[in-house]
Amino acid sequence: MTRIAIIGAGRIGRVHARSVLAHPQAELTLICDPFEVTARKLAAEHGAAWCLDPAKVFVSEEVDAVIIGSPTRFHVEHILAAIAAGKKVLCEKPVALDLAEAERCLSELGDNTDVMMGFNRRFDPTFSEIHRRVVDGEIGDLQQLTVVSRDPSAPLAEYVAGSGGIFKDMTIHDFDMVRFFLDDIVEVVAMGTNVDEAIKAEGDFDQVMVTLKSAGGRMATIINSRTCAFGYDQRLEAFGSEGALSADNLTATAVRQASRHQSQAKSRVMDFFLDRYVDAYRLELDAFLAAVQEGRPMSPSLRDGYEALRLADAAMVSAHEGRIIRL
Amino acid sequence: MTRIAIIGAGRIGRVHARSVLAHPQAELTLICDPFEVTARKLAAEHGAAWCLDPAKVFVSEEVDAVIIGSPTRFHVEHILAAIAAGKKVLCEKPVALDLAEAERCLSELGDNTDVMMGFNRRFDPTFSEIHRRVVDGEIGDLQQLTVVSRDPSAPLAEYVAGSGGIFKDMTIHDFDMVRFFLDDIVEVVAMGTNVDEAIKAEGDFDQVMVTLKSAGGRMATIINSRTCAFGYDQRLEAFGSEGALSADNLTATAVRQASRHQSQAKSRVMDFFLDRYVDAYRLELDAFLAAVQEGRPMSPSLRDGYEALRLADAAMVSAHEGRIIRL
Amino acid sequence: MTRIAIIGAGRIGRVHARSVLAHPQAELTLICDPFEVTARKLAAEHGAAWCLDPAKVFVSEEVDAVIIGSPTRFHVEHILAAIAAGKKVLCEKPVALDLAEAERCLSELGDNTDVMMGFNRRFDPTFSEIHRRVVDGEIGDLQQLTVVSRDPSAPLAEYVAGSGGIFKDMTIHDFDMVRFFLDDIVEVVAMGTNVDEAIKAEGDFDQVMVTLKSAGGRMATIINSRTCAFGYDQRLEAFGSEGALSADNLTATAVRQASRHQSQAKSRVMDFFLDRYVDAYRLELDAFLAAVQEGRPMSPSLRDGYEALRLADAAMVSAHEGRIIRL
Amino acid sequence: MTRIAIIGAGRIGRVHARSVLAHPQAELTLICDPFEVTARKLAAEHGAAWCLDPAKVFVSEEVDAVIIGSPTRFHVEHILAAIAAGKKVLCEKPVALDLAEAERCLSELGDNTDVMMGFNRRFDPTFSEIHRRVVDGEIGDLQQLTVVSRDPSAPLAEYVAGSGGIFKDMTIHDFDMVRFFLDDIVEVVAMGTNVDEAIKAEGDFDQVMVTLKSAGGRMATIINSRTCAFGYDQRLEAFGSEGALSADNLTATAVRQASRHQSQAKSRVMDFFLDRYVDAYRLELDAFLAAVQEGRPMSPSLRDGYEALRLADAAMVSAHEGRIIRL
């Protein structure tokens, strides 16, 4: 049984709390959030204690592992404190907004492998099956990767303001997917546009396309949009010398409809990550707990978090300065 | 080059005329229809001669083969006359409305194999691919066959009155499909209902379900409706010990739509047999001409026509008398 | 919080135990099974007490509701005892093997509505969505229903011997589906065949096709097989005057593959009911607990259990005597 | 009836010859090819005259319109000569290998609108249906376009040497598709890689990814490969504010297979453009003949040919020099 504290009782904190509660090898012992009402509420729902100050988490004897779901600007501080206190860490993406800060965290931790980055999509059953089958050689040599990721609706301008921009906030998941499948990326080019005036006013893009090339001569393209009328569009295609494997979107049921005007219509694509990735979060926790309990190195690692951030940083420069970035 | 006459310039006659015109090994020489305006029009469109009296077709020196698309009550007469005159015959289904008449035709012709029955679906690329793969053993032993056949809209009551009833007019194609895939049928049971009052008034059903069992212990079910809001529903599933092969409906294009309310919607299913089976009619003519030119026995044969009619007859008795028929 | 006892710690008992454990409004208090090792093991896994004698369940003060997963021959006895003791009941299908016994149970209970029958498929998200959309009028008047149900592999001959035959053991679910969608059934006809010699030796069929007609002139067909190479085949099509709604099979992930030989290949269909219907069992328990807690009549009811058995009985007579049964 | 000459009796010339032969409003009168055996053979097959020298085509009284399928380096010369002789022209893509030459052709012809460029995909039923539905507003404002185009197998190195490179030879179709859907392109960036050593040795890429931005702030991405194990991969997705429309690949039949290992498998994707775009070539000819017979301006126009070439040129510079090109 691993005793877990969650820092941050917001949306993602609640997702993790639910996964922990349902997991037979985990116990939720402590919820930490600066807003008392939020902390208290989530703690009550899951029979956990609560606190306002993260320092309490790190000194607690009742905590073996910490899930960090605090705002990104605190991630590095919380990671370092947790590791210093001997806790295992599962930290939400991105590791930091500032690449130098992520680099500092990496260098301070040296060869410590007790930090896992919360790239949940690696654990999604559909994406992980494709990864496994690619690794097993089913499509021969992987040559091209296409990642489509569109959110159902744009975040508020306030959120955007503190998000670090679309590449670090949203595309970061897709950069990790590209790194999950491909070898080292050596070139990045990105273009961005706006359909959302509020996001444009923040100086951020709400639609981007990114192309990446690896050292081994493979290419990937990422297609993003902050809005998508038909739901949470999460697809991927791995193309290789012997074939292709692709991920369809998910729907809540397997109903098809034929009417006077159309045929084979499925219902709407699942709406957002809480539904779409419920299994991914559960399996991510599984993997985290297995690593904790068997004392194995975490994966995706802090370095994976740093490298994804590096790609996000490069893409941001590329899109804003209009040039291809070589890494 | 095979010189072809068509008897009957109605809907099905036009389909055949178009196929003949497009075929490099066939020449359309004569159109016969009791309605001069109809005969003349179709003949003019295809550069053929025309006549009102079928007798002219049989004595013509310009005709090697006859496609019989006349009303069903003339089929046997036209088949016998054509064969007597040394012509090859492609006859539309059903061979007759009356089983005894079909039997007489069969016995008069003895071992003559120059008559092909127009069971076009055997030549549909999708159905014939399934048949070939079943024969090749891909699904192991065939055990269950499901045939779904629904027309987009019900025929006029006048048509129904002379049609011989749904089993001989519509289900006849499905009985042939069952015979195409299965061994000899030994049991038939059918149920019928009505959603169309005009058809009910004619004493006919407009929706039927038929179950059949073969000597080898295989079963088939046929699901029919005279109306189908979403188009011309033509599907089939062959289920065997190692898997299943099934035929989707066809749509005019490969467009998919995702909207606020649904995903993966294809356009409407193709509307009727002229569109759905255009390739089947073309390939049927191909097979007919190949048999003519190589002097090979025709398939599906007159006997196939008789046997399908026998099943239709049994199903009609079953549905009207409420009992299982043993053949 | 509803305190639940489970009678029968076999396969289906375990399914229910897992659902109860995961349910926030339910507590598993007692497991009853005549085999001590089985009872003790399941109880230990879920922190419940255990007993060997069902009588202990009915007198227990710690039990509000009983889930009956004992062998079918004990269902009626356990239902009557539980109701007499003031417990609520969720009973697995079928209610009995003998129709007269089911009828007796029904008449003894009179207007008691505290028994729910475990027709889990009514709660499957895909099937229940189709049902809701049919009720909402999306396909106009429902006219034809097709239910396909094939198990991945045949049960042992010993199981078959005590199962009451395929119609009462397996098709019973499909009869309930037909009743869920259609009005009162007035005619049943069934045919059966064998591909499994061991089942044949028991005098039972392993493949059946059933056609049913309702008082309102609707038809349904059921296609069953005890074996299916490609997994647990669970499909349904509701056809109406304005269109059709159908249920695809489920696969574990949304991966598609394109290779040198094929395209759009999904992985294998889910293998059996523990996977395929995990949500259905959970939602069934939800509905049961809601009815318990709100004191509402249960649905599907004991009468639903009786009526499905009546259809199974009729189908068995039909298949064995070769005649259409009128109800 | 429009009398047509074809210059170039190679692969694409044969495609057009077949379309012309099957068209009721067209007559194939003359085939021109420098290889006598090739010219003679195609002419004989279609009952046309033949010649070795294109000059004969332009002076012929028997020719109303010329289909130019000669090697690309002769396109401009043949276009200018045909127009000077008063013929209508359907010219294969690209208009030239050299942008300046295409520009010269455009300026010489001034406002002449009698030249149609052979961008056959605009006429493909699936792509043109998507275009029509986008124009009709079905997906709101078009925001992102994804074009996937992969050939089943790489051309010979000799062909590559004279092809002008992948962007002008293959991607040119996709550039036209982007222009068909989007407003004026203002930015282009391309990356290329090699999996084929022979093509690499020619200094060309065999896999490319291109991103484009329009004046109106829309983006498109093109994914190309000279080889594709699973067939001729031709897909497109138009994403807009209200939804998306996408084009599936085509298969020869509608067969699906379920086996022990997978489900819903369709057969292999159609293999190459002769099969995949047979309808597109036919409908392209339809549009050409309609414009000829009604004296309407041709579309896609010579300017469309020039603009697509301009994008190809920009992409080539981008990929070779590693920079974003602004137009």
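By letter and in written order, the chains are A, B, C and D; residue numbering begins at 1 in each of them.
The definition used in the following text is that a contact is a pair of C-beta atoms (placed from the backbone, for glycine too) under 8 Å apart; a residue touches a chain by one contact, two chains touch by 3 or more.
Computed from a prediction, not measured in an experiment: that's the story for all the values here.
Put simply, the chain farthest from chain A by mean CA position is B.
Here chain B and chain C face each other with the same set of residues for the most part; over half of the interface numbers are shared between them. Chain C and chain D, compared by their mean Cα positions, are separated by 57 Å. Spacing of chain B relative to chain D, judged by their CA centroids, is 40 angstrom. Across the assembly, chain C contributes residues 139, 229-230, 242-244, 249, 257-260, 267 that each touch 2 or more other chains.
The part of chain C that touches chain A in the complex is made up of residues 22, 125-126, 129-130, 133, 138-139, 242-250, 252-260, 267.
Those residues of chain C whose C-beta lies close enough to touch chain D in the complex are 229-231, 233, 249, 251, 257-269.
Taken together, the chain B residues at the contact with chain C in this complex read 139-141, 143-144, 146, 148, 150, 187, 189, 191, 193-195, 207, 209, 211, 213, 217-219, 221, 223, 225, 227-230, 239-244, 322-324, 326.
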